[in-house]
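Input: structures, listed below.
Note that subunit A is present in both complexes that follow, paired respectively with subunit B and with subunit C.
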Partner chain A sequence: MKSGRLWSWIIFGLGAGYFLLPLLATFEFSLRIRREGYTFDAYTSVFSDGRFQASFSYSLIIGICAIIVGLLIVVPAAYYVRLRAPHLRPIIEFITLLPLIIPAIILVFGYIRMYNTSSPLPLLGTNVGTDILLTLAYVALALPYMYRAVDTGLRTIDVQTLTEAANILGANQATIIVQVIFPNIIVAVLSGAFLTLAIVIGEFTIASLLNRQVFGVYMQNVGANRAFEPAALAVISFVITWGAMGMIQLLARFAPKTARRD
Partner chain B sequence: MTNVSSVADPSAGPVSTGPAVRVGGNPFRFISRLRLGDIIAIAPFIIFALLFLLIPTLGLVVGAFQDGSGNFTLQNIIDLGTPQILASFWISIRVSAASAILGAGIGLVIALAIIRGRLPQAIRSTVMTFSGVASNFAGIPLAFAFLATLGRLGLVTVLLKFVGFDLYKSGFNLLSFWGLTITYLYFQIPLMILIIAPAIDGLKKEWGEAAATLGATNGQFWRYIGLPVLWPNLLGTLSLLFANAFGAIATAYALTGSSLNIVPILLYAQIRGDVLHNPGLGAALALGMIVITAFANIIYLVIRTRAERWLK
Partner chain C sequence: MAEEFLRIEKLVKSFGGNPVVKGVDLGFNKGEFVTLLGPSGCGKTTILRMIAGFERPDSGRIVVEGSDISGLAPNRRKIGMVFQAYALFPNMNVADNIGFGLKIAGMPKPERDDRVEEMLKLIGLSGYGKRYPFELSGGQQQRVALARALAPSPRMLLLDEPLSALDAKIRVSLREQIREIQRELGITTVFVTHDQEEALSISDRIVVLNAGNVEQFGKPFDIYNRPATKFVATFVGTLNTLNATVTDAASRTVRLGDATFAIPALPASASNGDAVALTMRPEAVSLANGVARDIVLEGKVAEVAFLGSVIRLKVDLGGNTISLDTFNDQRTPPPAHGTPVRLGIASSDVLVLGD
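Up next is the complex of A and B:
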């Protein structure tokens, strides 16, 4: 059985090689911008680019809006299904899985045909309308993860008892959701939020077809025109993804505290 | 993306029809018991799902069967049979299948190594965390990373040339079928690890001990117990990975521009500028994509339902 363990190490080593090599290579490449040696000039050039700042903050704002809208849609629905309509659960869960089944490019193609300027709801006719459509598209992309995060949070608390207790104390349904349920699932909600942010921040397909200058579209432009800056951008995106995932891991450590029931 | 694991969780999926049975004969009886608060709670979700998921997609399906003036036609579907479109479907299917099969196989081996290979616990948690990051590290930056690694000036290419091996003269090209497949593996393998890890955890230690007591070798354990138990999860995840790769566009677009004509890139160009010179054909192309990804997911659901039936 000693050899089995050796094989495990070999497999792990090969896997680690495949996954770490591109990261190393990208970092090395991003430092190669000057002939005389390694410098961080590619990063300086990216960070001082006005379009980087504009597109990144635009993506961040749309992402935060998508998280807020997503929560407003998902939390009441997940709460209602868990508390009063468990028989609707298969249908609701199937709907939340749809964005994994329907590719993003199909979704945005559908939007372009449905919300064009000659439609009853011409969201694409105005800038604000397009921003709203982009936000809602990101809500759709994040729906599977957001619903699951919230539902997992609800599973760890005693929704029934909390609701009854709040009812007896005279709270109405909105108060129950906002002041009782939401604070109890905040950790789960935050991990859903960070996941949404990680997905949205580099998204390209939808934004590009809606002609929005998001971070992903900016990256694509830089990739088509520059040599070393794209590598720097890849390193930056990896750090952002790592940060968002790290936050989720960190939050998971706090989760048992809210979940404890005596 | 740890939440993806619940996609493979039998208790979470749409096929778990258990609770619905409790309602009795009429599944719509709840309507009579609806209160205003309930409607307000569920309405935003339903309206959102209708306006931004279901109707736009159905609109495309209907559009695939309409000609320019809105009459029913099958011409768009027939027109999908042009060599250009068939070739793009073929390369898409090949890249998705190759990256799904390799991703599932390699992911399974790595997951087995870290979970059952008696490696330190710290390695397992590091791999799981890294998988969460890597499965989300897709799109444009992933293409940049592989250009910096295996592109003509990439680190690996340069190092290999340094030791006397010219990767590109040997026939490799990052902007090709294999280049794209290797790149896709960067998010396919971690996704597989994330989804299959809970299933491997479900293989009870006692089973291995019982098999060993009865004289089974390690190979026999996997042949007759391990793999049959994991099989539904493996096939299910395989179709999930296939759909995942089939719909992906950003990585391929940033990597190859439009030199590798996979279906999503063709559809992207069609939406952008009607390169096929027929708006209805775009909808038919979209329908083709929906059919293939839906088919992959239905396989997954059917396999899982059958697996559950056996477990009962």
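Up next is the complex of A and C:
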């Protein structure tokens, strides 16, 4: 099977090249801001730009809010469906998939119609209102990933027996979720959280139409006006996204062992 | 009679129109170890879960110390429960598992630590507090589960087949340990099993269940020796069934092969010439060599099973096969296959069971 092995490597090489070459080219380009040779000046310029810091921290904060709100909705919902309403699972799964089916642009136009200044709930009339709306929009966008991550986590534990064991020891529903269920699905929860963060950091459509200066909008602005900085930004955002993915892998490695494997 | 600690009154439960518990009435005394025994699917777990509060009865009441607990949520019932699947909290170490109920009840940490230490000693796992459940064997996990259930001093302990996931050896030693701890604490206990030997060996009283009904409720000695129904007789222990013919109903005389003898009782409906099934335990039958019994049967040894302290023989009586147990005697080897033997049975040990 020598030739089979060889072909595997050739196909792997082609695939890797397809992904890596543009990245390498972008990286190489980002270093060429000076005539005389390679420098990191483009990166320095990006990092020292006040709008970079502002937009990035804004995205980070909205992302963290989206994670918290998302978890508060998804963990009890997925838990409840597993425990008491398994027949609702297909319906819930379909609902959580909707954000993948409905384009963000439609979602945001819906929001603008529903929550404009002359609507009964004029969230878009204030900055805080718009921030809330943006957060909720990101919760919706991340829903498919968050729900699946949490549900997978729940599948690895015996939800019903653990719930009953805690219940008969005196714990109420909230205590059970917080002290028994949540700590046992923490790895799944964190992987959902990092996925959400990765989505939020790169998001452009909704934020731009809601007129929020998020990281994605900043990248687009810079891209329209500069040559080398966008390349540096692309590399930075790539590192952040893959950093988040790497964290998920790392966490899985350090997952608390929940069962004797024999 | 003393006030019963736990009363189950006319308990009924069905799942999707399928009746599972069909009007169960039971009363348990304080400090008693009662076992619910029956084949898989007879409703044992369902009854236990209704006592715990995980299932709501369709009708009927569950009364503890005179007050109806049917409406209480499980976390208000002050009941300890041990599950078949251990159900230890994987994220907590042994000490935190045992202390969980105490923490929920708001016991301060120093007191809690003392109580956890006490419970660890009770189950013979002192020094294991910092271990995690996955680091323990099945038997150890189940002991921790027992300690966790007992730590908050519940008024009652429920165990749902706690031993069925364990190896045979550990199963026996752990059941003895459970019984010992139960005696020491004097806690009213309801134990569920489908294993009749387990039930007979550890219970004060046994409830034999069949298809959602109570067949018999009594002491192991009575359940085994005086089974109320055919179901109980066949489910608990081994039972010989021999097909005989009524020769004289008035004097309760029957014929079995060449032998004719009287038995203690016949069904009222029996008339001459009817077939009748005689039943007896294997240990009620003895090799008649030297033993005087009023019924003597002749046959040939068909099977010899050496079980250690006991030898179980199967004897072909020509049409009927009968099992009998004899104690192992180091000086006398058991009869070989095919040997003709004479068997003695005391007629008072013969049962004719109705349904």
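The rule is short, and it goes like this: the second predicted complex is superposed on the first by the 253 of 262 C-alpha atoms of A that agree within 3 Å, B and C clash if a C-alpha of one lies under 4 Å from a C-alpha of the other, contacts with A are read in each partner's own complex, and residues count from 1 in each chain.
We adopt the following convention: a residue touches a chain if its C-beta (ideal position, glycine included) is under 8 Å from a C-beta of that chain, and two chains touch if they have at least 3 such contacts.
Quick caveat, the model's predicted, so the values are computed rather than measured.
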| item | value |
| --- | --- |
| Which of subunit B and subunit C A:Leu233 touches, first, second, both or neither | first |
| Touched partner set for A:Gly129, first subunit B, second subunit C, both or neither | neither |
| Winner by number of subunit A residues touched, once subunit B and subunit C are compared | B |
| First (subunit B), second (subunit C), both or neither touched by A:Asn167 | second |
| Which of subunit B and subunit C A:Ile157 touches, first, second, both or neither | second |
| First, second, both or neither for A:Leu98, with subunit B first and subunit C second | first |
| Which of subunit B and subunit C A:Val180 touches, first, second, both or neither | second |
| Residues of subunit A that lie at the interface with subunit B and also at the interface with subunit C | 172 |
| Subunit B-touching residues of subunit A, taken from the complex the two chains share | 4-5, 7-9, 11-12, 15, 18-19, 21-26, 28-30, 72-74, 76-77, 79-81, 84-95, 97-114, 136-137, 139-140, 143-145, 148-149, 152, 172-174, 177, 192, 195, 198-199, 202-205, 209, 216, 219-220, 223-224, 227, 230-231, 233-234, 237-238, 241-242, 244-246, 248-249 |
| Residues on subunit B engaged by subunit A in the complex (per definition of touch) | 1-3, 6-7, 12-17, 19-20, 22-23, 27, 30, 37-38, 40-42, 44-45, 48-49, 52-57, 59-60, 63, 106, 109-110, 113-114, 117-119, 123, 127, 129-130, 132-134, 136-137, 139-149, 153-156, 185-186, 189-190, 218, 240, 243, 246-250, 253-254, 257, 264, 267-268, 271-272, 282-283, 286, 289-290, 293-294, 297 |
| For the subunit A and subunit C complex, residues of the former touching the latter | 157-158, 161-162, 164-172, 175, 180, 183-184, 256-261 |
| Residues of subunit C defined as touching subunit A within the complex | 52-54, 73-75, 77, 79-81, 83, 85, 87-91, 100-101, 104-105, 132-136, 145, 148-149, 152 |
